[in-house]
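Once you scroll down, you'll see the structures, which are given as structure tokens.
Two complexes come next, and they have one chain in common, chain A, joined by chain B in the first and chain C in the second.
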Partner chain A sequence: MTTADAAPAAPLTTTPFVGVDVASGRAKKKLTSRWASLVAVIIAVLWTIPTFGLAISSIRPQGDIQDSGWWSFFSNPHVTLDNYRAVLSSTGTGGLGSYFLNSFIIVIPSVIIPIALAALAAYAFAWIDFKGRNLLFICIFALQIVPIQVTLIPLLTLYVDSGIGGSFWAIWISHSIFALPLAIFLLHNFMKEIPKELIEAARMDGARHVQIFFRVMMPLLTPALAAIGIFQFLWVWNDLLVALTFSGGTSDIAPITVALANLSGTQGTAWHLLSAGAFISIAVPIVVFLSLQRYFVRGLLAGGLKG
Partner chain B sequence: MTALASRHRAFALTASLLTLTLAVTACGSSSKKTRSTGPECAAYTQYGDLSGKTVKVFTGIVTPEDALLKKTWVPFEHCTGATIKGTFDKSFETQVLVQAKAGNPPDIAIVPQPGLLQQLVATGKAVPASAETTAMVDKNFSTDWKAYGSVNGTFYAPPQNASMKSLVWYSPKEFKDKGYTVPTTLDELITLSDKIAATGKKPWCAGIGSGEATGWPITDWMEDMMLRLWGPDEYDKWVQHKIAFNSPEPTAALDEVGKFLKNSKYVNGGLGNVKSIATTAFQDGGLPILKGNCSFHRQASFYAANWPAGTTVSPDGDVFAFYLPGKTAADKPVLGGGEFMLGFRDAPEVHAFQTFVASGEWATLAAQGGGGRAVSANKAADVSKCTCSEIDKLAFQVLQDPKAIFRFDGSDAMPAAVGSNSFWKQTTSWITGQSTKTTVDKIEASWPKG
Partner chain C sequence: MTSSEKFTSMLEAIGLFVAIVGLIVLVASRFGGRRGDRVVAGVFLLPTVVLVLVGLVYPALRTIYYSFYDAAGSHYAGLDNYKTIFTSSDQITVLRNTVLWVVITPFVATAIGLLYAILVDKAKVEALAKAFIFLPMAISFVGASIIWKFIYEYRPDQPGVKQIGLLNQVLVWLGGSPHQWLINSPWNSLFLVVVMIWIQAGFAMTVLSAAIKAIPEDIVEAARLDGVKAWGMFRFVTVPSIRPALIVVLTTIGIGTLKVFDIVRTMTGGQFDTSVVANEFYAQSFRSNNQGLGAALAVLLFLLVVPIVLYNVRQLRRSETR
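Moving on, here comes the complex of A and B:
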């Protein structure tokens, strides 16, 4: 969660309405200098090397992987798709197929539920005046401090007592619980930035809260919702701890991360399959990220002035 | 307007995904099995009709052994109508504790350590074994094994598979060429080592490197020597810390290990001097035997998988192992590991399945399956039907021996601060020069108080 904490906060909490041109112009000037570009390229290359090595490893034959590092691929190139075949086949060592489906079943409600709830809650905190609003908001914000590890056993006990232990519900609800404090906080900050005049104008036209929320807020919020959606998606997709604890590891509901953890075998003898498994697992987040990344840019530049 | 349309699309998408989710969840429940009563099921009538019943088994055994394990369950399912639903997950050891504490443990957990078994029983959720299971275990297993499946005198968990650590790898070809015979006592082993050392060859080779677990092969050595010098009762006292780690018995046991591993005439064949033991990976420790640079390597039966492809592991092949002999030929202490089937639900099908796994039928099925799941300490197992390797046959033979006294790997049963920390680290320092006295003193000092 740490990356998710830091990254979106910056674009979302800046004030894009006052002097947006000046600020972005200055930023543009600084960021497009030749040296900055060079540093950016170097960082990008350095950070991509491990992933690149993983990609190379995944297409090398078992013997090569176990004997030598991925860089020796260039002097001794052997390409095979056996690793991918072994990982995907249900009869072979792993069989990631059904776990892949489980991951989707887990991730979609685990993104939609917290974002829907957080948007409503954030609206209430930002634009509805009620007693104890600030105190309640601080309490929710403070919930982020609770480490999820300490909640695992008590939560599982609650699920078991209420009869939903070991079902998808347990995982969906847990991910929603863990996502809500940050999502409410971020969306609240974003909604607060929307000019009061816009809301007042809508009220003058006779709009109630429900209409303001759906007709005025939602279109403006799209970039923020997309940003939070991406982070929640990545977090849930890559999560092992929550899924493992609440699914109990059964193949009916366990996600792909659980299968990946078991892929190398009891004695770890099949570790050559890990790189292929990892690549299959990250394919989906990459697609989601690339298809939604324009919202980041929109969130950064357009802000609340759109529409 | 476009916003409205896209919102409708989003709702439709959400709705369809939720429907899909529900459909998939519904498909999860499998169809009911019925019991078969053919002649092949004669041995299974004692378990009765369990049609429609399900037993959930949780284990840390994953690929490729999980398939072998599942295969041994098929006749039981076929003949009783029960469904055995396995969950195979490497994080078993932490997850099973979480589940037991939260109140949704599996029906049966396959527990590989006596320490974990005790922790699980302490949660209060475990169910003692039924009278039938206990009778089956009394019939097929030695009292040592039954004791490891018991907590505070109550018998809970029948044993499943077993592994054996008290083995010395050697080259049968070298023995044949030089006219050596397999030693049957510890003294004979030392005499033979001296004889080989006199020819200018270093007889022993070893490696203890294993990442952060570096040192563990020495703990096995010391456990083996503790058993051989002082017998199982002193061994138990040592593991349970009823005698201090630096008392005379363990000190003598470590000195006995030193007679082999810190003896510059004995080690490190084909690898270097004594200190090279610490820097050699345990996987590579025995490989010099193949090149003829070393004669003996003490390591568990799983080492069979470490020989390069094309090596024949058999009594007349390139390499094989003999039982690390006891003080006398009649003493047969065996150091090893095993798994226990701990039940958490008091139901006929759960007890029936536990009884089945303790039966000779199951042990024979496992032996037929071969691979890493073949060996058990079950005296009723039909070893002649075993498709297992020669080394598995040897392990079977030693474990089934009525004279064999089985003891669990002691470092697994010690507190983690010792068993998986100071014991490894201090013995590693010991091999690189630290004195025996300092070593046992330091390990004793690290034992958790209270």
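Moving on, here comes the complex of A and C:
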């Protein structure tokens, strides 16, 4: 496949013998690339159909969803927005509206707080000399491997004892803590890439660390901050374990993932609510992701993935 | 809580946080010069160090401690909880499933990701083609589980009853009879693993695709002039060149798979012998109220992650020194 670009120019300048050779090579190329395309299309279809089926179901009437598969929509198209209306309302049995709101309430501070704290810490590790710097940095780096499961029960006890159990505070603080080690590590790497001369010149001019941090670092680090911000957004929005542990599952603070997981566990699955609810919960990260994909891929390649 | 109360509470939190950061900046800006460096570093690091000590180090030590105590956390139980994990038949099923997940997911997801990355490399519609595989990564595990539960949905095989799950409908079209995919162990675990592969293949593809594009053109050209065919190119040029990326992808997916909880909990709730260590931790800690066993399972998870991370770090070091 990769020869396709180079091949066309060759026959013009070479002898007929080589020309034949190139031509036969190209024929072979086409053959393999036809199979390659077929395999690629099969994978792409397999990967898309599941989501597509759910999307179609979410706009079919409840009765249709229960009686026939989503593929019969094409021979018998009934479109309705009732499922979305039911799911988005804050009242009624299927109303998930308040859970959606909770997801937003949870995600905004949970992205801002750890990234701001990590930026400060990463700056100290990258550009301030102090005793024990390397040791402390290695300790924080190493904390990345602690699975959050190990921390949940003692944290829950701490929250309950200090009176913030079952409130947004418990979830905000938890997400912030869990994000710190990786965010510090990534931001430190990004900050280290900034030329030393730039910082030293600023210091020579009498700039203090705070000024360097805000006037030099922040503008240069915007793409890195965006990448980490998207990661943290997706992580928090899609999280189930932390929310389940600290929210108690009430519509007061539980996010949409908890509501959907509970709805999916009940008997006689309500597919009309599940499909519409799942689809909205999916749509938010996909929009964020598509509009900021550039940064996301960069963050991914910088080694940013936690779990 | 009303919506406006929720918003007020969020704004309060952000306001408080901004005030704390403002205080840090204010203190730090009063100190200049080399001597002030320690103070600035101190205030910049203070919130992080406090949060990490209280929120990660202390809880982890506490959990290790509890793993040697009984269900209520009141009597010392030695290694009993660990013995239970490796001897009780329920827990052995959990371990078996975890092994199944961790052995299958990274390799299959990486293989599919690599295959796809090579197939669409330099194709006209590469960006679009990649988006199809990549999108499941943005979807929550809960969302993905619902999507796949719908695929596996089963309706009894009776006249007049139509299948609404795609997989069973395909079986019916092919002349077979529908099947309850999520009931029979150990096969049901494999159908859950499919969901994880579906999510992770996009991650593998993205990282490996970038690695493939970074292979120097002259190496590829030299191999081609030597008459290396497609398979040889893959075996002797592509794979060795992207080895570090392959290791990172395999280990990252491996670690993610070890901790998988959402998929099992949403699709089967751990019933029908599908539980894995991370799900069993949650079930024992919060549903069965067996604190000791839950803690031991969390520690086990920790111990399983460590060697993978160490291997990863060692490989990275080796590829850097080369």
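Going forward, the second predicted complex is superposed on the first by the 230 of 307 C-alpha atoms of A that agree within 3 Å, B and C clash if a C-alpha of one lies under 4 Å from a C-alpha of the other, contacts with A are read in each partner's own complex, and residues count from 1 in each chain.
What we mean here is this: a residue touches a chain if its C-beta (ideal position, glycine included) is under 8 Å from a C-beta of that chain, and two chains touch if they have at least 3 such contacts.
Computed from a predicted model, the values in this text were never measured in an experiment.
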Touching partner for A:Leu152 - first (chain B), second (chain C), both, neither: both
Partner chain in contact with A:Asp161 - chain B first, chain C second, else both or neither: first
Touching partner for A:Ser291 - first (chain B), second (chain C), both, neither: neither
Partner chain in contact with A:Leu101 - chain B first, chain C second, else both or neither: both
First, second, both or neither for A:Asn76, with chain B first and chain C second: neither
Touched partner set for A:Ser89, first chain B, second chain C, both or neither: neither
Partner with the higher number of touched chain A residues, chain C or chain B: C
Which superposed partner A:Ile177 touches (first chain B, second chain C, both, neither): second
Partner chain in contact with A:Ser275 - chain B first, chain C second, else both or neither: second
Which superposed partner A:Pro109 touches (first chain B, second chain C, both, neither): both
Chain B and chain C footprints on chain A, overlapping residues: 101, 105, 108-109, 112, 152-153, 168, 244-245, 252-253, 261, 265, 269
Residue ranges of chain C in contact with chain A within the complex: 1, 3, 6-7, 9-10, 13-14, 17, 21, 24-25, 28-29, 31-32, 34, 36-38, 40-42, 44-45, 47-49, 51-52, 54-60, 62-64, 66, 112, 115-116, 119-123, 129, 131-133, 135-143, 145-151, 153, 162-166, 169, 198, 201-203, 206-207, 210, 220, 224, 230, 248, 252, 255-256, 258-259, 261-262, 265-267, 269, 278, 281-282, 285-286, 291, 294-295, 297-299, 301-302, 305-306, 309
In the complex, chain A residues that touch chain C: 1-5, 32, 36-37, 39-40, 43-44, 47-51, 53-54, 57, 65-72, 90, 98, 101-102, 105, 108-109, 112-113, 116-118, 120-121, 123-125, 128-131, 133, 136, 140, 143-147, 149-155, 158, 168-169, 172-174, 176-178, 180-181, 184, 206, 208-211, 234, 237-241, 244-245, 252-253, 257, 260-261, 264-265, 269, 271, 274-275, 278, 281-282, 285-286, 288-290, 297, 300-301, 303, 305, 307
In the complex, chain B residues that touch chain A: 3, 7, 14, 17-18, 20-21, 24-25, 28, 58, 60-66, 85, 87-92, 95, 98-99, 101-104, 106, 302, 305, 372
Residues of chain A defined as touching chain B within the complex: 93-94, 101, 105, 108-109, 112, 152-153, 156-157, 159-161, 165-168, 218-219, 244-245, 248-254, 258, 261-263, 265-267, 269-270
